[in-house]
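Below: a set of structures, written as structure tokens.
Consider the two complexes below, in which subunit A is the common component and subunit B and subunit C are the respective partners.
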Partner chain A sequence: MNGESFLFTVFALATCSGAIAVVFSQTVVRMAFWLVISLGSTAALFFLAKADFVGAAQLLIYVGGTLVLLVFGVMLTASGPYLKIATSPGEIVMGSCVGLLFLVVVYASLNGVDWREPAISLEASNPVVATGNTLRPIGLSLLGSRPDQDLTGDGETLSPGYLLPFEIVSVHLLVVLIGAAYLARAKRRAVGSG
Partner chain B sequence: MTADLNSYLFVGAVLFVCGVVCMATKRNGIGVLMGVELVLNGANVNFVAFSRYTDLGLDGQVFSLFVIVLAAAEAAVALAIALNFYNNHLTIDVDRANKLKG
Partner chain C sequence: MMFAAQSIADFFQGFGGWQYVIAALIHAVLLVHVFALSPFAFIWLERKVSGRIQDRLGPTRVGGLFGWLQSLADGIKLVQKEDLCPTAADSMLFRSAPYIVCVSSFAAFMVLPFSHGWVAVAADCGLFIILAILSLEVFGIIMAGYSSGSKWSLFGGMREAAQMVSYEIPLAICALVPVIAAGSLNLGEVGGMQRGWFTNWFMFHDPFTFIAFFVYFVVATASCKRAPFDLAEAESELVGGFHTEYSGMRWSFFFMGEYASMFAVCGIASVLFMGGWNTGIAPLDDALYAARNASIDGTSGSAAVGYLANVIGAGVFAAKASFGVFVQVWLRWTLPRLRIDQVMTTCLKYLVPISCFLFLGATLWPLILVTGMGRTTWTAPVGDRAAQGLQETRDGSVEVSVIAVPAVDLSLVVPSANSLEPEGVVQ
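Right, the complex of A and B next:
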């Protein structure tokens, strides 16, 4: 077992056990803690898959931003620090049985497909991803040019980049955050006045 | 467990199933949100794995970045809705949200 496999096993176990612990935790604060473990280990898996920028973005945005937002939500909506809205044991057993069956179905179906068939060879076809130095290519692709495909191809047809989705998603994020701030504020003012 | 495509897909499948079960069984609204985050993370793991182990190339990583950004937006809106619900009902139990029940 080489180092990559060892690290992958460790972080995959941390990811899966964190996710399972999220399902079986009863208090929402513990769920948030296990979610931090699971998402952080997912970021480590991204680093192992040589997606360094995505891993960094996962750590910064997900673990640093979205989860802090969720913890604030827990804080603002809980009447006590260990608020327990219990799920009945029968529902938990039923849910885990259905989940286990679903996992078996998903795993059997993804094992039945030969994913490598259309791929020629990764190392030859895409040297950018193989090196793992993805910061500059991702930035350039978000600006609309694709050096990883255009420089290795025939040079006649230019691959489309992601400038338009990037702009759309940035405006979308702005609109959504303004709307969320408005939604969260308006009701409180109504409660305060009425 | 070696680090190949099927192992990554298995991790993604576990995350996805845990998220679905979490969404279905939790009665806390914030817990349902955490299930959604798990599902989106499973999709992200799949995107990155296909970017690494097939000839999808950089596209998978860019897609997972978009998924991360949209998950942040979704969490913001859903938390605003949850706060509104808490202000109206003084609880976060999603079983109490039955005003539209026929």
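Right, the complex of A and C next:
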């Protein structure tokens, strides 16, 4: 066993055991703690696979953003100390059914791939591989230019990149923000109705 | 000869697949020393500076001159204290919270470059990673506040959560302003671009980066929860805030985390705005640069010269970052604490709009200069500087891209490499 597979085993075990602990703990903030372990190890797996950007985004968005907001929300809204969630037997049955079905789907799709067939790896002459610079291609794609993908094959019409989906998502988020501000605003009484 | 190896991993090439593990251990041990010794020095500095500001002497006895061993005496005292856990506390969360704070501020040092090529993990998006890691620290503090079973702690934790969630936004935007000027998120690359006279530092690149430096410093002070933004502790209102119930080593882990992350944010400021490991004096910088390159090429007799140049670089870097920490200490003992609503107003009504304006201005600045002067910077043509910087880091990245991302065989990790493979790359 070499260093990489050792590290992979450690982080994969941490991810799975954290996820299992989330399911079995009752206190919301403890669940958040186990989620930190699980999601942080997932980020470590991304780093191990040389996907620095995805790993950092995982840390920033899920651990540093979502979980902090979750705990913050619990602290602001809980009426007593240590908010607990009691799971009813029906919910456990439902949850395990969904989980088992998902496991079957994952197992089937993993079995559908021939893992022994050598995948095509990136050429060493590729500038991304040669310099290890993966950010510029991602940044260029978000700006709407993908120099690495040629749609028509004539060397002139390049793929438009991710600009359109990026803009659609940002407009969507803006609409959500305005909607949330509208719903959360202080309701003003009509003048004169007392 | 150890100095001749391009990196620590190369030095241990004979150890098969374990060379990265050995190199990782060495890097980690070195960084643990930085992480442990910088709080040691800064706590002493804090005592001395606060003493001088309050017209006292500060520590004078332990260790003789200037009481420089005071931190060691404090440490021994803290180790001896009893490790308490209140009965009202959620003991699992209460005990693990200090480790989260400590681990996250330690992990930030992994991607912080100390000198040319002296970085544990040379990541292409280093700045993004370091900001992501620093944002984890708040989770430990919120957990400490929540799980202590004390109202003071809960208030401290809530204030910290509110403060950090808001201050992360201007922190990231201000850090992006010099990134626009540099065109890279790689901290090693950004540092290498600022070689030459100090006018090459990104702080003096344009008026927007100059203001962004000060805004960044204010926001970074707030994100380390230092006074005047130390609402999470607020001794006069909340006893000790989030760490009211802690004692002994667990309490001191919070403090080590705090001082280490002060050094980390000041280190980021030094790389992004103040030239990193470059001295700011062009002949000196060029000499150091030549010494490094000569030892890499093997043209100079001794590789130790290049090593020495890097040691000087690391010293310059540490001096700049320590100056930043000194200013934070100075601010702490000079300014009164803000109220929580004032802290939120400062961030949301002033710092966020200011940083957005700076970001916008920094993107427009090259366009304005191009129409006015016909080039994109006012000090030196950016092409030259960018070319120099890129060339320098090409060497640097070969030298350092070592640990945390060991050479994983892409064909194993990315089974769908077919879809990811770029086909005709336009060079």
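Convention: the second predicted complex is superposed on the first by the 128 of 194 C-alpha atoms of A that agree within 3 Å, B and C clash if a C-alpha of one lies under 4 Å from a C-alpha of the other, contacts with A are read in each partner's own complex, and residues count from 1 in each chain.
Keep in mind that, in the parts below, a contact is a pair of C-beta atoms (placed from the backbone, for glycine too) under 8 Å apart; a residue touches a chain by one contact, two chains touch by 3 or more.
These figures come from a predicted structure and were not determined experimentally.
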Scan A:59 for contacts with subunit B and subunit C and give back first, second, both or neither. second
State whether A:49 touches subunit B only (first), subunit C only (second), both chains, or neither. both
Examine A:102 and indicate which partner it touches, taking first as subunit B and second as subunit C; both and neither are also allowed. first
For A:92, select first, second, both or neither according to whether it touches subunit B, subunit C, the two together, or no partner. first
Touching A:137, do we find subunit B (first), subunit C (second), both, or neither? both
Let me test your reading of the model: by the given contact rule, A:33 touches which partner, first (subunit B), second (subunit C), both or neither? second
After superposition on the shared chain, which partner residues are touched by A:69: those of subunit B (first), subunit C (second), both, or neither? both
Contact-wise, after the overlay, does A:183 reach subunit B, subunit C, both or neither (first, second, both, neither)? first
Looking at subunit A, which partner touches more of its residues: subunit C or subunit B? B
Same subunit A residues contacting subunit B and subunit C, which ones? 4, 7, 48-50, 53, 57, 65, 69, 72, 74, 76, 115, 118-120, 122, 126, 128, 134, 137, 148-149
Quick one: in the complex, what on subunit C touches subunit A? 16-18, 20-21, 24, 88, 90, 92-93, 96, 100, 123-125, 128-129, 131-133, 135-136, 138-139, 142-143, 145-147, 149, 154, 157-158, 161-162, 164-165, 168, 185-186, 394, 397, 401, 404-406, 408-418, 420-427
Which residues of subunit B touch subunit A in the complex? 1-3, 5-11, 13-22, 24-31, 33-35, 37-38, 41, 44-45, 48-55, 57-58, 61-62, 64-66, 68-73, 75-77, 79-84, 86-88, 90, 92-93
Residue positions on subunit A within touch of subunit B in the complex are 1, 4-5, 7-9, 12, 15-16, 19-20, 22-23, 28, 31-32, 35, 38-39, 42, 45-46, 48-51, 53-54, 57-58, 61-62, 65-66, 69-70, 72-74, 76-79, 83, 85-87, 91-92, 95-96, 98-99, 102-103, 106-107, 110-111, 115-116, 118-120, 122, 125-126, 128-129, 134, 137-138, 141-142, 146, 148-149, 162, 165, 169, 172-173, 176-177, 179-181, 183-184, 187-188, 191
Spell out the part of subunit A that touches subunit C in their complex, as residue ranges. 2-4, 6-7, 27, 29-30, 33, 36, 40, 47-50, 52-53, 55-57, 59-60, 63-65, 67-69, 71-72, 74-76, 81-82, 113, 115, 118-122, 126-128, 131-135, 137, 147-150, 155, 158
